[in-house]
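Letters A, B and C mark the chains as written, and numbering starts fresh at 1 in each.
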């Protein structure tokens, strides 16, 4: 009885402790953060959740997509569950989360995807979300001219050296994955961009940033993506993405 | 007796549950993958294990070596145990796995190696594999001309700025590690290439790709390595390795 | 009683087993390392702890700072606890560890920092270390000329493309984080350099290496940092940092 009473008292304390100092907003940072790294608590509650997540230049749904994409891409299993829950709250569907993971298996490797599946299934179970089924909508159509240009590049630059990789790229990645209706073309581009920035692989970013903008992403959203990712993948990855985005923006202006 | 009977029944159930929908092949993807990300189940069973692992351009033993190397290099502890088991099934010896981990401690850092040791020991225990002992075969001989060229490069480009790093490179990495008989020179090269591609560090790839081919790796195998790694380290890492491999192939043709 | 006696006997055995073969030094590598990868045991005890950690060109406190920074930056949660303990033994204060984590949240992403908090709290609890409180010392002063130059670069190269990222860089990273008195400017530079080298992000290294040396880091220490990091982030990351450091050293000589 004493133990129960004590733990109720502790819960009440925790709840009141969860209010921000100035009564402005509830704390997101767990108590452990304030105990070990009080500065991190300050920046988490006052800047990351008190400011960045509230900025209007990128929707909460998009912020969730790129955050989950970053966590999957960088293999941060411990944080995936929490952000999958937030993504569901922000309007990402369970099927879209499943397909985001499928998409990133190709862009950041199978091990990250398999680990993400396990974390995500735990969240789905807790929320009584049923098994995801594949969409029976028709395949997404790739813009024929852009797809022909892409295939030409792969066939001339990759195929002569690595024919199997070129074939799998054409037949599986673009001939199957990118045409699956379970995640929109625009969202696939968004999570691919996030993954490339997060793992520090800018080589493929111009292609995917252009593709994203062809698919409806605005320059304002692309720039805000970099600011958001600074917090989840670190400042250097975000800063190094800016000159690449700048060139893409400039190229598109002159067309 | 009851326990044995039960486990036989369970095995039989697992076997029948493991059949793919069309009866074509057993499923490798766990049920959770199909429940959360059905597309990932499809690609795992139809492409990765239904096609890539079966391609003849790289042996199953080599595919296991580069897969385990990729998992160690990228710190994917959750997947190491399963692939160490597969590597043993594909003819990699326990001592070779131990030495692969030792080798990659130098190429991808001690923390990855220590975590890999713990995952591997659990597999060895389950399979009643005894403690690994170091080979008492003679040291591997490095080709004197290539080794002199390598040392010259380190002594002129690294030593003037970072003398301790140069000394450790000459004395420990090439003066000890690469001469250990517990893993062949060709296999050391193979896992080093896999690690460099997987962590997105192409600067040292030309040196190690050339060394690998001097040690017997064919161009076909090197190209297939890139296709295989696309699945375990992500497409961008593999695609960015291709131009580097291409230059190495071209340089060797003209010699 | 029997169990206790047995565990005492086991402890004694472990202690005697912890002596190196030649009675020279205690083993650091756990028994599992010798059982699975005996070569790794040899290199851990004879080279990493038997030689590198004992070198005088970098203090044990600095070695601990850069080791913990590397583990946080690369998300190696399994090794953080052990090295936080070693850092405390080497004179890093609990508040400095907390602020190192806060600092690296910005430089390598929030998920790494949150995971590091959890590992660190467990060590603090085991050592009965009280909750960390923020320093009430005055803010650190940034050198006005260097800070103006930095802000100018951000305002001209980042702001036109990514205004939110530029604003957060000026207002939060340099206008708040770098001025916090909980970790010295020189130590912030040291852990930033370690993080950039460890994650393979050399673009920002010249800026931070110069800043570190402005803040008192010697060239000898910077070079030794590369040798130390080779073991914790892998040889390729360290080797690729050397030409970048070399250029910084040369630029400073001519000033």
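Assume contacts are C-beta pairs under 8 Å (C-beta built on N, C-alpha and C of every residue); 3 or more make two chains touch, one makes a residue touch a chain.
The structure presented is a predicted model; accordingly, all values stated were derived computationally and were not measured.
Once subunit A is fitted to subunit B on CA atoms, what angle does the rotation have, in steps of 5 degrees?
Rotation angle between the two copies comes out at 120 degrees.
Is it true that over half of the residue numbers where subunit A touches subunit C are used by both copies, so same, or is it different?
different
Quick one: report the Å distance separating subunit A from subunit C, using the average Cα coordinate of each chain.
That pair's centroid distance is 27 Å.
Which residue numbers or ranges of subunit B touch two or more of the other chains?
Counting only residues that touch two or more other chains, subunit B contributes 75, 200.
Any idea which subunit A residues touch subunit B in the complex?
Contact set of subunit A toward subunit B: 73, 75, 77, 94, 97-99, 101-102, 105-115, 117-118, 120-121, 124, 131-134, 157-158, 160-165, 168-169, 172-173, 176-177, 180, 182, 195-196, 199-201, 203-204.
Can you check the complex and tell me which residues of subunit A touch subunit C?
Touching subunit C from subunit A are residues 32-40, 43-44, 47-48, 52, 55, 57, 70-71, 74-76, 78-79, 200, 223-224, 226-227, 230-240, 242-243, 245-246, 249.
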